[in-house]
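Dropping a structure here in structure tokens format, bear with me for questions.
Every chain is named by a letter (A, B, C, D, E and F) in the order it is written, and numbering of its residues begins at 1.
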């Protein structure tokens, strides 16, 4: 399959309800290099996903198996930085915050608008988050 | 495991009823690079496949889980080209043809016999298929 | 490094003159999984590329070696389809056309606008190209 | 995630009852390179493993599915070599020995203590095992 | 590129003088999964190799750089086993044998003809080689 | 090659002067999965490295090419945390600090000794570094 098409397929899959999509490099029979497409989907969207795979890709077969998905609880808040507001995603396990992470798109936009390295943005955010979490 | 052996194992697995065999590069514990062998098989051939894995490979364990396989309906027909007949594999989803593909072995043989690039063979076949599908 | 950052870095590298950028999954010392970033660049842009790598990524070292790049000659033309014009990229080796390929972005846009599978767009283009090349 | 942390996580997972841990290089949405962490665990240790994943890694989600594990029967014995004793791991399928393999750590120690190539140690062990198995 | 074509290309490359051919899974720009084809070739066959790449594959560019190849000295001899003769490939570094390895194709044929596991063939050969090397 | 041996080889290579060692999953001829071992070394240690490769691994050939290595300037200092001292590695590009990173082994030890998640250690260190860098 033309590798340019993957991002296109991916977008269609997410639009159709896919919860996650990832690709794994594999070696098929007779040593043929290939890409395995893995899709996580609720059963209600299963049929739509199948349709996209068969109509849009060169795949002629699908394997399905049930998985149980465990996700951290998350909430979002706005952190004010000297560059403007950045959305922070906090994740909680058993009520305890185990991760706080700025939204990448916010950091990217700020790095671009201010013509600074994205590492600088992450550092600034990290500093403010430490202060914030200390309170 | 000696990498030369993979193709040998693969052949034995297909002979014993495997429906698909593929390999994935993984990193095992302590950073050891390895190859995960994945085999799709009907339950009736499960035991034969297990025997081959344990007797022919260095693997000492297998993990099994059930999958549901969905395959496109397919049919085959012969397309006459100026180089001779080429088998075409048509695949159908919900009654609509979503893929038509020449058999690789036919194209390979033709490229070899006529001393032309295999891309040339695919192009010739593609052209005829368009005309055929237009009718 | 945060995997979200790769596309950001990539864009910056291309803007700074990189001719190609690709990533390879590798296993570093002590079994640490990592991504090797490979960049093809003319010597005139070498310094700018270096600056981006060191300022934007977590990399602390670069290895450089000279390569000679051989590229096919290419030209572009517009093909009129029932869905509108599609840019075709022809590549030539020793004066002979060895590849003709529609621009992905055109096909993607057409598939989206017409709500059809991108495979359908490629098929339509392929058909017209065969007719065109026959003349 | 900092690639240095993987070995640390791995150790914690094994201490908490993981039966196997491996990593697969994958490509996530938007072309982001990533590492999929796969863990095999008995249901009794499932909760402890989950706790480690969420508290120690940057992962915010887990997918679970049941697998049936088939393992070869194994026993261990000491083989006396001119370099000292080496533990040999024999594996049996249907009562037949299908693999006999020296413990890597023994071979590593011997190679180090005797300042010889580890291939030499394996060769010596292999020779003695053949003689032993012939009896 | 159609993954079926790789083995075909590979054969053509070796026929045209390639000393080695291997493939590496990579991630191209915009997160496109791809396969990097690496070819080792003497300068005298460089042009033929280039012709195959551009005429037979979808590649539109090649990068070249000089490498110095260091190979072990090797010789071959026939080892008589109870299953018939097996070619053994010995490799020498600084005059010392560092590797002795049966030819895979011989072992494969023997396993097939005698309907035994290929591991059995390797074990038999290994045993005889130890005895032989002891003399 | 037995995957257990890689870490052993790696250690020997670093002891013999290798500046970097990494592994890449590749697909060799006839579809054989393999691992490419890449070693960065100064010419003065080239011979020792070659000896290890040929005596300790199953490799029978090496390809060499010159690379120019560019490394960031680095210095180290001790940061006092409530858990004890942690070594910080600062990296500089054109006189500007572009990275400050705690030594993994210190963080690992602290996480172990205090029975806390290593993420907690990194967070504490990150907080103190921000305060320190602000002065």
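To be clear about the criterion, contacts are C-beta pairs under 8 Å (C-beta built on N, C-alpha and C of every residue); 3 or more make two chains touch, one makes a residue touch a chain.
According to UniProt, the chain labels map to these proteins: A, B, C, D, E, F = TIGR00299 family protein.
Note that the structure is predicted; figures quoted are calculated from it, not measured.
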Report summary line: In terms of CA centroids, furthest away from chain B (TIGR00299 family protein) sits chain F
Query raised in the report: From chain C (TIGR00299 family protein), which chain is the farthest off, judged by mean CA positions?
Result: D
**Report entry** Distance between chain centroids, defined by C-alpha means - chain C (TIGR00299 family protein), chain D (TIGR00299 family protein) (Å)
**Finding:** 40
Report summary line: Distance between the CA centroids of chain A (TIGR00299 family protein) and chain F (TIGR00299 family protein) (whole Å) is 28
Report summary line: Averaging C-alpha coordinates per chain, one finds the centres of chain E (TIGR00299 family protein) and chain F (TIGR00299 family protein) separated by a number of Å equal to 31
Requested in this report: Using mean C-alpha positions as chain centres, tell me how far chain D (TIGR00299 family protein) is from chain F (TIGR00299 family protein) in Å, no decimals.
Outcome: 22
Requested in this report: Would you pick out the residues of chain D (TIGR00299 family protein) that each touch at least 2 other chains?
Outcome: 4, 7, 23-25, 27-28, 30-34, 55, 58, 65, 98-99, 117, 119
Query raised in the report: Given which chains touch which, is the overall layout a line, a ring, a star, complete, or other?
Result: complete
Query raised in the report: Hey, which residues of chain F (TIGR00299 family protein) end up touching chain B (TIGR00299 family protein) in the complex?
Result: 3-4, 6-7, 23, 25, 28, 30-35
Report summary line: Given the complex, residues on chain B (TIGR00299 family protein) that touch chain D (TIGR00299 family protein) span 24-31, 34, 36, 50-51, 54-55, 58, 60-65
Query raised in the report: Which of the residues in chain E (TIGR00299 family protein) come into contact with chain B (TIGR00299 family protein) in the complex?
Result: 2, 4-5, 8, 25, 55-58, 104, 108, 111, 117-119, 122
**Report entry** Complex interface listing, chain B (TIGR00299 family protein) residues touching chain A (TIGR00299 family protein)
**Finding:** 6-7, 10, 14, 20-25, 38, 40, 65-72, 74, 91, 93-94, 98-99, 101
Query raised in the report: Where on chain B (TIGR00299 family protein) does chain C (TIGR00299 family protein) make contact in their complex?
Result: 27, 30-33, 98-99, 117, 119, 123, 126-127, 130, 134
